[in-house]
Structure formats: C-alpha cells, structure tokens
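Look at the two complexes coming up: subunit A is in both, with subunit B in one and subunit C in the other.
What follows is the complex of A and B.
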C-alpha cells in the first residue's frame, strides 16, 4: 500500500516536472494564454459587479459576500482549467481514436494515469487573483475568521474539486458508450455558471434539481458560506457525502465502461 | 459562378448535417448558462418591479434574445482554420478558382444556414418552456420592427465574420493567432450589449458602447424588437461604414498575409 502510494505520488510530480519543462520551452505561449486567462477572470468579476450593482444584492448576498463567492469560484476555476480540462480532453480523444491501449497496459491505475498526465500553468494568475480578491472580500465583510474556519474552507474546496473532477470524469467516460461526440468535454465547462451563483438563486424545481439531486449549486456556495460564517451543518454533511460518493461512482463507472473499449494496440 | 457558390454552401451544409449531434449539444450548452443568468436576474429583482426602466419580464426577454442572436451571428472558425494555416495546409484551397476568403465565407454560410434551421425550433421550444416557469414576456413586434431587426442580424453576422477573418489572418504573423479569438469574444461581450442591457452599465462604459458600432449587434436589434429603439438613416450609414472599414482591413491583411505564407506542398 505504502509502496503503491509512493509510486503514484512520484509519478504525479514527474508529470508536473515534464509540463514545467514544456512551459519553459514555450514561454511566449504561456504569457499569451495567461493574459487571456487574466482578462476572462477580470471580465467575470466585472460582469457580476454589474449585476449586483443593479439592486445591491443577489439572492440575499451583498457585494462583498458575492466577491467571496466569485473568488471561491475563480480558485476552483483555476484548477478546473489547469488540470481537468487538459486531462479530460486527452482522455476522451484517446477513447475516440483508439489510443487507450497505451494507458491500459501501464502498471498503474488507468484512471489515475489519465487524470494526472496533463496540466497547464496558464491559470496561475487566475488563482492568484482569486486568492487576493478573496482575502480582500473577507476583510470587507468583517466576519471574524478562526483557523478552524479556514481549515474547514480548505477541506470543502478539496471536496468541491473532487466533485467537479468526478462529474467531469463520469461525463468523459460516457465517450466509451457513444459513437463520436467531439464536444462531450464542453458539457461540464458549460455548466460552470451554475456554481457561480449562491444556492438561493435556485428555487422550486431548480432548487431540488441543482442543490439536492445534482448539487452543482453547492460547489462554490458551501465553502463560501463556511467562510462567511453562515454554513449549515446538514448541507455540509450532505455535500461531503455526495462528493465522496460521486468519486466512488466515477471509479465504478470507469471499470464497467472500459470493457466496451476496442483499439488496435497502437 | 453562382452554381459554384451554391455547391460550396450545400457541401458545408451537408458536412454540418453529419455533425448534428455536436450541434445539438452546442445549442443546449448555450441555453444552460442563459437559464442560470435568467435565474440570477429573477433573484436580483426580488422586491423590485422595475430596475433602470426594465421590468423583469422585459429583461429576461432581452437576455434570451441575446442568446438566440449569439447563436445565429457568431462565427467560430478561427481555431481550426488557423491550425490549417500554421501547418501549411491551405495550398489546395489557394489553387481553387474561388478565392480563399470567399471559400471561407461560403463554408461558414452553409454551416450557419444549417445551424439556424436546426436551432430555431429548439430555441422556440426553450422560450416556451422558460416562459412556463419564469416571467418572460411574449414577443410582440410590428413588421417594420422585424425588418429592422433582420437587417441588424445580417449586420451582426457580417461583423462577426469579418472580425473572425481578421483574427484568422493575424495567424500569418502571430504564433498564437487562434487565441486572439478570445479578444474578439471579450470585446463583443463587453461592448455590444450582449451580456447586459446598456442602461445597466456604468456611465463611462455606456458612453463607449454608444459611440461604437458594436451596439448594433445585440443591444439595438433587441431593443428594436422590444420597441425601445428605431433605426435611423444615420445608424444605417454608420453600420455600413463600419462594415466597409472591416472589409477593407480584411483585404489589406489578406494581400500582406499571402506574401508571408509558405509551405511544402500542403
């Protein structure tokens, strides 16, 4: 167990090292895409500031609280674009083009391998902006922070990342079941708007759908509520269980789906 | 000549037909974030019957029509066409008896006709569905308003197309040419009234938007349909002058770009 963990850990960092070497080789590309990422991040903050300024509130969240939420989203988004997008694109392509054989024959978990082999560093500035604005926004709300609150926030951020990853992996794994759907990977990025808003935005059927059945509306809300001192235990427990459950489901779904794979041993 | 043109349009239409599952998914992916934005505005309007001259039902209608216009007018061929240019794969297109730019236009037009034919029923159904669960007002307009709307839709498409062409032609000079597409998207989102009606923008941005001709792409056609605006002759002249300017820029860039192009036989 220990040996296996160590092997996976070392492999994870080996890939990061390779990606860093690539970055150093294509420096211009890094700066260009970083600029694009920064501009979209600024645009996103601006867009929400316009909406909030219309009536000074969104579902009962004031401007500072909304900035906490948007910053939480921005931090999650930085990881989403850095890790998940690159890996899931390679993963689905390998299924459609019959290149999965390479991964299936490696002496490590295939799910692990296809999930960590790629990453981009273009969103580092997005992450930095998210953290800086988060700190400023929390200060502006004047909510007292304790070490316990920060630790709980970090824990739920990790759970949110796990949930996004699992969801994306499940959708990408559907590539084993469909003939060819090139934009299958765009499904999760297109739903990002759902976790960019407070869960109070969803009411009636939408509330049941996006906070209970498929709790996309909780992804940024739960960590933000924790930081703002308005987290509710029942929602935290429910969301935690759902996030871990979806990870387990994604592994199970991959195991049954991979049996449908056929390739010519490239 | 016309037969060649229609043949190319038909060819592109049939190619798009082959990708109908992807197109269906793209349409859905454009509706989901819009639905969330509508829900955001519903929560913003809590306790307010009217904000900055817009009732909730009018604003929701505005945002939905913006999504439809975006689907009808936007062009996204930059990425894959740019890759073709960078890899020196357009030789066979340059040797054809129809100019490269015309071929790009006809191809885009064919795909656009398919998209419109395919998406309109889906948009109508979505509008009906959303109007059952959200307070969106029904669309009522006169024939003259509808005509003005159509003129501006054609204008919007041509502006999108020329801007996409400019991005594409810059690929001849810049390594990350296809990434310039993001600048195009950001500019249009910010300065055309696509994401929010002009009255909700801060005064400094309002004056910029009012001065630029990008407002005729989203803000004006929607407001014409909502009977808040009427097209004057000077508006038409301004829009036509802008189109001419973009066309001239495209011709100039193309002449220079051709001199830079080199490949080893495609």
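What follows is the complex of A and C.
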C-alpha cells in the first residue's frame, strides 16, 4: 500500500516536471493564455460588482460576502482549468482515437493516469488573484476566523474539487458509450456559472434541481458559507456525502465503461 | 459560385453527421446565459430600485440565440496554416477566405437557427415573447450576417498571425473575451457606467449583441438602428480590409514543401 502510494505520488510530480519543461519551451503561449485567464477573472469580478452595485445584495449576500464567494469560485476555477480540462480532453480523445490502449497497459491505475498526466500553468495568476481578493474580502466582512474554520474551508474546497472532478470524469467516461462527441468536454465548463452564484439565487424547481438532486449550486456556496460563519451542518454533511459518493460512482462507472473499449493496434 | 454552394452543402452535412455533438455544441452555453436572468431576478426580488425582469428575460433569451454569431472558433484555420494544409487552397482556384467563411458561417447560422427554433417556442410557453414589429425584425435580420462577417474578419486577422507565431488561439480568445464582456452578451449595456454607454455607440462591441437585441425588443427607433448598423458595417469593413492586407502579406512570404 505504502509502496503503491509512493509510486503514484512520484508519478504525479514527474508529470508536473514534464509540464513545466513544456511551459518553458513555449513561453509566448503561456504569456497569452495567462492574459486570457486574467482578463476572464477581472471580467468576473467586474460583472458581479456591477450586479451588486444595483442593489448591494444578491440573495442575501452583501458585497464583501459576494467577493468571498467569487474568490472561492475563482480558486476552484483555476484548478478546474489547470487540471481537469487538460486531462479530460486527453482522456476523451484517447477513447475516440483508440489511444486508450497505451494507458490500459501501464502498471498504474488507469483512472489515476488519465486524470493527472496533464496540467497547465496558465491559471496561476487566476489562483493568485482569487486568494488575494479572498483574504481582502474576508477582512472586510470582519468575521472572526479560527484555525478550525480555515481547515474546514480547505476540506470543503477539496471536496468541491473532488465533486467537480467526479462529475467531469463521469461525463467524459460517457465517451465509451457514444461514437464521437467532441463537445462532451465543454459540458461541465458550460455549467460553471451555476456554482458562481449563491444557492439562494435558485428558487422553486431550480432550487431542488441545483442544490439537492445535482448540487452544483453548493460547490462554491458551502465553502464560502463556512468561511463567513454561516454554514449549516445539514448542508455540509449532505454535500460531503454527495461529493465522496460521486467520486466512488465515477470509479465504478469507469470500470463498467472501460469494458466497452475495443481499440487495437496502438 | 457552384463550388461555394458545394462547400456550403458539405459543411452542413459535416455538421449533421454527429447530431448529439451538434446538440451539445448548440446548447452548451444557452443554459449558462439563461442563468444570468435567474441571477437578475434574485437581485430584483430584494431591490428597492425597479429592475424590469420581463425585459431581462427577453434580453437573455435573445442573447443566448445570438451568442454563436460572435463566439466561434477558427482552430481549424490555424491548424491548416501551422501544418501547411493551407497550400491546397493557395494552388487551387478557390478563395481561402470564402472557403473558411462559408464553412464557419454554415455552422454558426445552423446553430443560431436551431437555437431560435427551440428557444423561442419554449420562451413563449413560459410567457416570454418578443412582440417585435415587422420593420424591426427586418433590421434585426440585416444585422445578423454583418455581425458574423465582421467577427469572422476580426478572428481571421488574429488567426493570420499563425503565419508568424506557433500558437495564436490565446490571442483570438482574448479578443473574444473582450467582445463577450463589452458587447452586452452577459450584461445589458444599460447597467454599465454612463460614460461607457456613450462611447460604446461608436465602438464595434455593442452592435454585435446589445444593439440588435434592443432592435428585437423594439427599444430603438429607426434612426438609432440605422446608425448602429452603419457603425457595425464600418468596423466590419475595416476588419475585412485589415484581414485582406495581413493575408496578402503572409501568403507572399509563405513557404511549404512536400505537402
């Protein structure tokens, strides 16, 4: 067990090393993509500042609280684009073009390998902006912070990342069941706006759908609520169970789906 | 013209080959844009100032339909330039500009039409109808091809840089983001600062989304619509001229062997 964990850990960092070397090779691309990322982040903050300025609150969240939420979203988004997008694109392509065989024959977990082999560093600035604004916004709310709160926030951020990863992986794994679906990897990024807003924005059927059945509306809201001292235990427990359950389901779904793979001759 | 008609038919066939993919590609951002209407409704619920939620609902339905006209990718063109496949258009009696224009245009307009056919009846069922006058509908339809022409020319300007650089998709995407933000696709320009509303009349951004939506919702009179159309046409021709200049310069120095 320890040996296997050590092997996977070393493999993870080896891939990061390779990606860093690639980054240094194409520096111009890194510069422009970082610009895109910063532009998009600035747009998000400006967009919400415009909306908040219309009323000073959104679904009961004041301006500072909204900045905490948007910063949480920004941090999650930085990871989403850095890790998930690059890996899921390679993963689905490998299924459609028959390159999956290469991963299946490697002496490591296939799910692990297809999930960590790629990453981009273009969103580093997005991550930095998110963290800086988060710190400033938390200071502005004047909510007393304890070490426990910060640890709980970090735990739920990890759970949120796991949830996004699992959802994306489940959707990407559907590539085994369909002939060709280039847009399959655009599905989860297209829903990102759903976790950019407080869960109170959803009412009626939308509320049941996006906070209970498929709790996309909780991804940024739950960690933000924890940091702002207004987290509700029942929602935290529900969301935690759902996130871990999604991860287990994604692994199970992959095992079932990979049996449909029939690529040869790679 | 027969060869370009064939390009149109082939592009359409290519688009209809994987229908589930077409469906996902068409509607992937529609839901995301419609969510903005929900967000504004939540703001309006608590707001003391009057926010016309009906107008916002109509606005975002129209924005979701129009989105594709200014948000499309020219990755294939970039790849053709980088890998040298562009040579086949340079040695054959076919205009690369027209080929790519028809190819992208077919896909873009097919997506817009599909979205309109699906979203307008659903919106009507939910009580959101546009009530556009016939004259405004005509002006709106005049806007659509010019928006695509202008944006296509602009994106092709950025893509032409692939003759000199390894990767230019980030440059194209930067332009796209600026347009997404300033054209009013995500935020109606009415909510922007007044100084921006004033200068935006002369910039290429608002005629791409905000102005045609206002026309569709009967919010502009004829002279305002005409002025906005004139601004759009001016910028589109400017982008086209720039694209032609860059393309000529690039193809003169372009070299490829053994393709």
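Just so we're on the same page, the second predicted complex is superposed on the first by the 266 of 266 C-alpha atoms of A that agree within 3 Å, B and C clash if a C-alpha of one lies under 4 Å from a C-alpha of the other, contacts with A are read in each partner's own complex, and residues count from 1 in each chain.
By definition in this document, contacts are C-beta pairs under 8 Å (C-beta built on N, C-alpha and C of every residue); 3 or more make two chains touch, one makes a residue touch a chain.
If you're wondering where the values come from, they're calculated on a predicted model, not measured in any experiment.
Engineer: Does the subunit A-based superposition show subunit B and subunit C clashing or fitting?
Structural biologist: Overlaying the two complexes on subunit A (C-alpha atoms) leaves subunit C and subunit B clashing.
Engineer: Just subunit B (first), just subunit C (second), both, or neither: which does A:205 touch?
Structural biologist: In the superposed model, A:205 contacts subunit B only, not subunit C.
Engineer: Just subunit B (first), just subunit C (second), both, or neither: which does A:186 touch?
Structural biologist: both
Engineer: In the superposed arrangement, does A:40 touch subunit B (first), subunit C (second), both or neither?
Structural biologist: both
Engineer: With both complexes overlaid on chain A, does A:124 touch subunit B (first), subunit C (second), both or neither?
Structural biologist: neither
Engineer: Of the partners subunit B and subunit C, which touch A:258 in the superposed model: first, second, both, neither?
Structural biologist: Touch partners of A:258: none, neither subunit B nor subunit C.
Engineer: Common interface residues of subunit A with subunit B and subunit C?
Structural biologist: 28-29, 32-33, 36, 39-40, 43, 46-47, 50-51, 54-55, 57-59, 181-184, 186-187, 190-194, 197, 200-203, 206.
Engineer: Hey, which residues of subunit A end up touching subunit B in the complex?
Structural biologist: 28-29, 32-33, 36, 39-40, 43, 46-47, 50-55, 57-59, 181-184, 186-187, 190-194, 196-197, 200-206
Engineer: What part of subunit C is in contact with subunit A in the complex they form?
Structural biologist: Residue list for subunit C touching subunit A: 18, 20-21, 24-25, 28-29, 31-32, 35-36, 38-40, 42-43, 46-49, 51, 165-167, 170-171, 173-174, 177-178, 180-181, 186-187, 191-192.
Engineer: Taking the complex as given, what residues does subunit B use to touch subunit A?
Structural biologist: That would be residues 19, 21-22, 25-26, 29-30, 32-33, 36-37, 39-48, 51-52, 133, 175-176, 179, 182-183, 186, 189-190, 195-196, 200-202 of subunit B.
Engineer: Show me the residue ranges of subunit A that touch subunit C in the complex, using the header's touch definition.
Structural biologist: 26, 28-29, 32-33, 35-36, 39-40, 43, 46-47, 50-51, 54-55, 57-60, 178-184, 186-187, 190-194, 197, 200-203, 206
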